[in-house]
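These notes concern the structure reproduced below.
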């Protein structure tokens, strides 16, 4: 059951300093691209921000703000990207994003949830993935001649999105093969990673998926789970440990590729036309991918946490490896966007569950930023980012990192 | 009490339906209790987001017509940013966020209230320019910071406090008129703050700001200075361990420890007379210790060591035009430090400062002072000569131990900052302390500490702060300051006839 | 004529004027009088020249506090004895009140020390038109002047308003200032004066802007050859000097202070030379015209102690004072010099180079008709300068006619006037009152 009271310290500590809304100085570049919170940028009211949402959580906790469907929809406009959290934690010991998630959980558990979120759980209950694809069709894209290594203790986690666009997973398979990495696919037992449900506040529904996948890995003797999707990667790192599921190690395909390049086990064609790209850091691959370490304890006077608490401040996300890989591909030039790494602007995909207009505006802003950086193509490693950034009225081409790598392998 | 529907609709016509709300959850975003104050901020009845000065003027006129109070706000975080009475709306300037002009030739920038430091600073820095701003975070409003509130700049030693840099102003008066001050009022542009004759600049801001009591400032120009230090800085790392390097052989930071504030003062004055250094400051070491640690736990682990290591640090940043000049400045610096008894601290600490000396590194880290639960207060935020402020620093020991030794507040005897300005002609002071908000008596202790501080200053007739307050409300201190509360009340009343100075 | 000697006497005179319905025109400087002290037939002159105490000279905190009647002629030697100097206007007359000069926002010669337009004015004591005595900034309190242990140097406030700004350039219409604290600077131990000539003022304006952005020079002022020769030539040698001068000369002085002064002068002198080279100009220390550089340097740091004040060499003078931002300076100056080719021009960079004060002086033999014509000519010129970006923040004579077009701003000033001088006792008829 949800317990907003666990985040009372955060709620009572907020001074409304505004750090959660604006880019940190080491990334600043000018007037443009200075905001980090998509909903604050879109709606303008302070309620739509990390600060505002923890204020709302406090009023809900204290019984001063009524739980309503409208409130739930408002809370779900936040994509849960965590920029506010990283910014706040650059100077403070507060759990802004955790509080937002707990608020969603509270609202969901009291029956307040946008229909789009509710449908995801209903789909899962009905044997489909959250987006409605039946489990039987989850691997329908798999080539018939695919042969896995049955002895491998590495699983390539395809993710739900492969059913819509298998290219990234197929590319990852090509990279692993080229690099001589034995792997398996969990064609029978793989389910949604659970991130979408967990983030929308439907923790119990998410837990069933988490338990299922972890159990499947355990039974199959999987020690390493390779992900192509940033969302899945972040889920394994930051959600699974909440349920004690820490037996396996998760690795993103960019990390494997970077390692293979370093070892000289991947080589690239040099005859392809040059390409100017920018790397879009998916939130769940970047700042939200730090391993979650549970903490139970007492917060004493002046913020002393007993026992000492491990803080995820967004510092150790997967930022370097995708950039190293892009730098190693002949003909590919990377232009950095202002808001990058821990300060990356979210694609806005998950806002769309509650407010498609906000989601479109958020994605459009990111495309504008990519264009301002001088990129022809946006490279990313999250199917949700790819979908969001490919929409809109004036999109740039968006390419999955694995697809780009595989397409340029010698 | 909610806003009457007719008023809401009138306001909605001005700003559009997207830019007004009276939904409870929207209002909640601007009414939550903050840890400095033991009561909730009062809820506004609605929040409006105007997009232009004309819209602000129209909103003010509607409010005046219907007897609705209003509070202008941008960043929050200060008590004047919230509704304090019933029947109040918030006018939030999120949408008025344009940098209207950066005039390199005439060295000013014109901004609307929604422009944040993190937006303007890099824009002017690209042009080799800089500006002074009080120590708020990167998301602080430039306009509010410089035109509406008090506050001092960490690197103001070679320049001055922000109030010196406020130029032309456009404001909406309480009667809903658009008043322009300085050269602007004569149609001569933004460059000069002073009127031709008795200067209306005087009503915009004094030592402290007037927080919108005379009108809502909707545009202002601020003067720009040369950017001291390297024109471009290299940044590295990921927050919270990001760094801004000062890759410039002209730029160096030195940190010295002193045992007496009077010696620190002598050093400040001697350096100022020689016009050596871009930054000179006696920093408060509690915030410094917080800035140098990554969590409250790490702070508590290292706090004892910090306060023993540098109880009275003098930070000096040299940023001259050439290596030869830096060497010249170093000679003077070391002579002065030798004469005044300073001891240089380890290079490691200096390097930390070099990596954080950029104004924005300081201010974005400074909010670490909120890390110990958020209950904090800066007091004695006044300005005077270096000599006088050193005397005030010395007098703190007369009252602080009653509070720190008993755990009523958290502070340390030498934990205050003195930042000279205008090469030591005068300086600003700040004593920053914290309290444990989980202690039910803490707010009382905080108030008692403030009172003890004030009584000590009055005993010495020390000018540790300016006197605020209008009319009868400011009487307690105002009568000791040439009855300034009466004059302030009269001025406010003349611009806001609804204000009663005798109330 | 009323000659108060104390603040209390000023107060009584104001109260008496309030009671009788009369007017008072405060005057601080001695003759010859120029702008502010014009005679008002409907008012008595409140002459503060007998309030002439130097109240404090503080070397450590670098300030001086003087009564309104203290003149540059008296004050400067006393400051020099303490190793201090003032940020002076260009070659003022010795009888000029130091307080009035700062209150009137006279152009200063060392813009690097000027952070804001009222600088070097710090705190003041004033008697408002109500008869109330008030002190500004940190002089306000706590307590009386004697009790307040501060140095009384912070100019802002008290509280949320800058009262000292109500008094500046107000020509005595708000309050009578009885004393003021002024910022003093350390007197240099070494210096070097550069003469930088040019056929056009434009590159010199840019050069001054660059040097002041980097805060290089102490004194920095641009003179045309008429003003230069009027100011510095020996009597009777004006024309000869004028003929030898470039049309425009920037005087730029770098200084060293108590520690390693020569080294600073060398370094900063190098910056001047480098900047000149970048602008295609030459910085001379030994100018190719008949002046003594050391004498000029002394004159830049003092008032004009010669028998005849330099502006009155031809007997009389009228001047137009304007303030312009750097972007407008070339056009304004071009219009002024084209319109008045025989005038003398003093162009003083201000507030660290963010503005220029331009003084256009017409020098002529004493003749009321000539004076009237000069006034008319300059007023007409002022009208033509407004569209070019000129601002008249010191509105003497008829200039208010060009200002106060904004009824709201004019109304706001009148509100202030009604607070501080409700009976319009002080300098009635001036400005927009």
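As written, the chain order gives the labels A, B and C, with residue 1 at the start of each chain.
Please note the rule applied: a residue touches a chain if its C-beta (ideal position, glycine included) is under 8 Å from a C-beta of that chain, and two chains touch if they have at least 3 such contacts.
Since the model is a prediction, treat every value here as computed from it, not as a measurement.
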item	value
Most extensive contact between chains (C-beta pair count)	B-C
Chain ID, smallest distance between chain and overall C-alpha centroids	B
Relative to chain C, chain with the most remote C-alpha centre	A
Centre-to-centre distance between chain C and chain B (centres being mean Cα positions), rounded to whole Å	32
Computed distance of Cα centres, chain C from chain A, in Å	64
Intercentroid distance (Cα basis), chain B paired with chain A, Å	37
Residues within chain C bordering two or more other chains	none
Partner chain B, residues of chain C touching it in the complex	60-63, 105, 113, 115-119, 132-135, 137-138, 140-143, 147-154, 156-171, 173-174, 183, 186, 209, 213-215, 257-260, 263-264, 267, 271, 323, 325-328, 351-355, 386, 389-395, 399-400, 402-406, 408-409, 412-413, 415-419, 431-432
For the chain B and chain C complex, residues of the former touching the latter	103, 105-108, 159-160, 163-165, 173, 177-181, 183, 185-189, 191-203, 205-211, 213, 223, 225-226, 269, 273-275, 321-322, 324-325, 328, 331-332, 335, 382-388, 391, 422, 424-426, 457-458, 460-463, 466-469, 474, 477-478, 480-485, 487-488, 490-491, 494-495
Sites on chain A touched by chain B in the complex	11-19, 21-31, 34, 40, 44-49, 51-56, 58-59, 65-66, 70-71, 74, 86-87, 89-93, 301-305, 308-309, 311, 313-317, 319, 341-343
In the complex, chain B residues that touch chain A	18-19, 21, 23-36, 47, 49, 75-77, 81, 92, 94-95, 99, 115-116, 118-123, 126, 137-140, 235, 237-244, 294-297, 300, 358, 360-361, 363-368, 370-374, 410, 434, 436-439
